[in-house]
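Once you scroll down, you'll see the structures, which are given as structure tokens.
The following pair of complexes shares a single chain, chain A, combined with chain B in the former and chain C in the latter.
Our next item is the complex of A and B:
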């Protein structure tokens, strides 16, 4: 109960932020909320189930391109195209999972990486449809969901907030459910979990599909919100970023993805304003993190007393 | 009535014949002890029965059904539960969560109540909120047993359950096992001969991957080959 109250309070705080933030940070916050949704998706696979994928850009960009192409070239209604985003992410994750989950550890990382790279190359190769590296922008009509115009900052924030709130509460419900307990058990000891009667393959596939679904939803929403679909979202950088966000905030915590995404976003923002060597600053912070808080900030908090933090 | 029938089981590790042509039967409702010197192949044999280790030859029938090729998690669903020799609880999860994992596999409605009852059965109700890794060794052994029991199995395989338990804990463990039969069939690997002679209705003696003898406790105690190989005269 106390934990549910804590998470609801965080949501209320995030909702209230939009009324106090100046325009620049207002846009940033909306961006962070969508990217944090992506991080929550990544965290279900990585943080809770122990699946270290290096190819999640496939699911994020897959959702983004599915929605973007359907609305831009397929003539779909934006809201229908938006639903195609998570569907694409989930289907792609199921396909990748059926093959990649036959491996584990480093092999799993490499196989997921290869799938994502293949997708990135395919986007560049079929540039006639995808716009290649430059991508394509979405028209104003493509960004109107019924009466809601995502080009309007307040609406955009509202959409980002709804997506994030649904993802976060969904994640909270999942990890406190019986299914969530099995996912965590697989992370902790796969063979022991099997001897309790659970098929680890099935559990991991489920986690990956849920993860892909959320990643695809985030990618699709991101595309519509900012009116742009581009090849860079399918690049390896977008597979590494969610890993860093989650590690920073705390892998296997519900609030960690939001914290990590926001911190890294503003760290990069601040570092590039004071030095041209912003990458160096970010690298230094990450090294400090690995040395002093390998379980991330909320992981540290959990170790230091707040043990029931989900 | 026979619950389990294994025929011609073989499992070699490289050149080592851990299990080398073993036939093994369990009657429904019995407490059956599996004994033998270190390295005799006891853990390997129950690994074959539970599906943790694949058999290289032979067949296993459980309740009339051929389970030889079934993966371990499906065998758990058939009613075979295995409690590890080397304690293998989830150290970073709470005692409650460890047992809840087993309880929820049975589809129990009220998870908290059923888990509490399973913990109370082995005397760990007070430790529910503790991380399993912080429990004493003996308590981790009891937790391991609780996890096996909580699966509500028809066959419960216990691999050296009393190792590391205090005398008082052994007493209550024996009472617990007695209370399980005949609803549950118990296969017990055990080095403590007092426990074996006290609990078991039948005993199988394994040596170097083969069955050396089988029979009632008194017959086994009188068996010369067993005395030579194992009981030390």
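Our next item is the complex of A and C:
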């Protein structure tokens, strides 16, 4: 109950932020919430189930393109197209999972990376439809969910908050459930889990599908919120970023993805405003993290006392 | 106020009069402070990422132009500042940069980005924030109508106009049967589509289109697909693999007969053309937005610009001959800053409340004569397309030097279009 109260308090704080943040940080916060949703999805696979994927950009961009293409070229209503985003992410994750989960460890990383790269190249190849590397913009009408215009900052923040809140509470419920404990058991010792009568393949596939679903939802929402769908979101950079966000905040913690995403976002923002060598600063911070807090900031907190942190 | 009041003032009327006098005394100072307040321009800079070579020179060009503008009295007598924001040549960071410059740094307007994907991602945010966004990008996206009323390109011609302008010279002087080799993404596709169309209009034919996947690092297996009857090989390869591409193309043809070769300087921006790996390109032709090497007939404006930016006769930094510039493109930054000056002065710019008036002032541009403001040459602005049209240059590599052999006319690059941003809302 105490942990539930903590998470609800974080959500209340995030909701309240929109009333006090200046314009620039208001938009940043909306971005961070959607990207943190993506990180929560990644964390279900990596942090809780031990599946280190290097191909999650496939699910994020898959959701973004499903929604973007359907609303832009398919004539779908934005509401319906938005729902197609998580569906696409989930279906892609199921397809990749059925094949890639036959491997483990480095082989799993390589296979997921391969699928994501193939998707990225497909986007470039079919540029006539996808806009290739340039991508395409979404019209104002394509970004209106009924009476709600996602170009409006307050609406945009509200949409990002709802998505993030649903993802975070869903993740919290999952990891505290019996299913969630099986996922963690698979991460800790797959063979022992199997001997206890559970099916690790099924558990891992479930984790990957849920992960893909959240990633797709984040990609779809991001595209509609900012009016742009582009091939760069399918590039390897967007497979690496959620890994860094999760590692920074704390893999296997519900709040870690939000913390990691926000910290890295503002670290880059701050570093690029004080030095032209911003990437050096970011790299140095990440090295320090690996050396002194390999389990991430909330992982460190959990080790140092707050053991019940989910 | 009646006569009685004037002769026998009450305490209230005295207070009111004092307040009015105080206001009157301070108002001119306030107005003066506002009118001499610096104009703040945001520059979306590719400082890192794949566009970093361009970013370095775009920053240098912007600062050189800024110095010239300020030394000449600024814009409408007000000094000008530029705030640079790195976008890492990434679409997401590009949109964030626009937000940061507009909402946090509170600049008056934003200019400078080159890479198409960054421009296309950031333009919707500029429109939402209702801030003029002047881009220095070549891709066919502003003029295609897919952006918005707030996005303008007054400093460089788009790729469709470039290839349309050059196709007649290529078909008349190099050959009518063309094989195109291009990267298999949007930049290459623009070349593929518009050059093929332009060659056909000249009675020529593109006999093969060879698309190279962007992840390719070796090109040998693509060269046998070049038809034997190819008269012109048109290449627009970009990125770090371009040296390998040229080397392997040279090995493929050896010392035997080879077609005429026509390429875009985009392949070799910031690269020393005298690089040993590029010997095979000797005798080939290039498109240049502006001639990298100082030509004998260079105008006074061109030499003034070259000196101001600090570029030597070979197109390299004066202080370091190995630091080769992006001379074929970077004039767009210089000319865009002067277009901003012209637009701001035309709309009697006071502050952000005049942003829409500024866009309308730029939309009133038509003829843009050559001069120090436009060292690349005269241009004509099409308000409906929000796109400028200019001269293009074709150079031949002779003895390791790029020598200008042709300059297209302004009319050569004009193409028909139904796009009309003037009919769209702000």
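By definition in this document, the second predicted complex is superposed on the first by the 310 of 310 C-alpha atoms of A that agree within 3 Å, B and C clash if a C-alpha of one lies under 4 Å from a C-alpha of the other, contacts with A are read in each partner's own complex, and residues count from 1 in each chain.
In this section, contacts are C-beta pairs under 8 Å (C-beta built on N, C-alpha and C of every residue); 3 or more make two chains touch, one makes a residue touch a chain.
Computed from a prediction, not measured in an experiment: that's the story for all the values here.
**Q** Determine, under the contact definition given at the top, whether A:121 touches first (chain B), second (chain C), both, or neither.
**A** The answer is second: A:121 touches chain C but not chain B.
**Q** Does chain A have more residues touched by chain B or by chain C?
**A** C
**Q** Give one of first, second, both or neither to describe whether A:233 is in contact with chain B, with chain C, with both, or with none.
**A** A:233: touches chain C, not chain B.
**Q** Looking at the overlay, does A:189 come into contact with chain B only (first), chain C only (second), both, or neither?
**A** After superposition on chain A, A:189 lies in contact with chain B alone.
**Q** In the overlay, answer first, second, both or neither for which of chain B and chain C A:134 touches.
**A** Second partner only.
**Q** In the superposed arrangement, does A:181 touch chain B (first), chain C (second), both or neither?
**A** A:181: touches chain B, not chain C.
**Q** Which holds for A:148: it touches chain B only (first), chain C only (second), both, or neither?
**A** Once the two structures are laid over each other on A, A:148 reaches no partner at all.
**Q** How about chain A: which of its residues touch chain C in the complex?
**A** Contact set of chain A toward chain C: 22-24, 27-28, 31, 117, 121, 124-125, 127-128, 131-138, 151, 226-228, 230-233, 237, 269, 272, 276, 278-279.
**Q** Which of the residues in chain C end up touching chain A in this complex?
**A** Going through chain C, the ones touching chain A are 47-48, 85-86, 88, 90-92, 95-96, 99-100, 103-104, 116-117, 120-121, 123-125, 128, 139, 141, 146-147, 184-187, 189, 213-215.
**Q** Can you tell me which positions in chain A touch chain B when the two form their complex?
**A** 178, 181-182, 184-185, 188-189, 191-200
**Q** Contact residues on chain B for chain A in the complex?
**A** 50, 52, 71-74, 76-77, 82, 84, 88-90, 92-93, 97, 100-102, 104-105, 111, 147, 151
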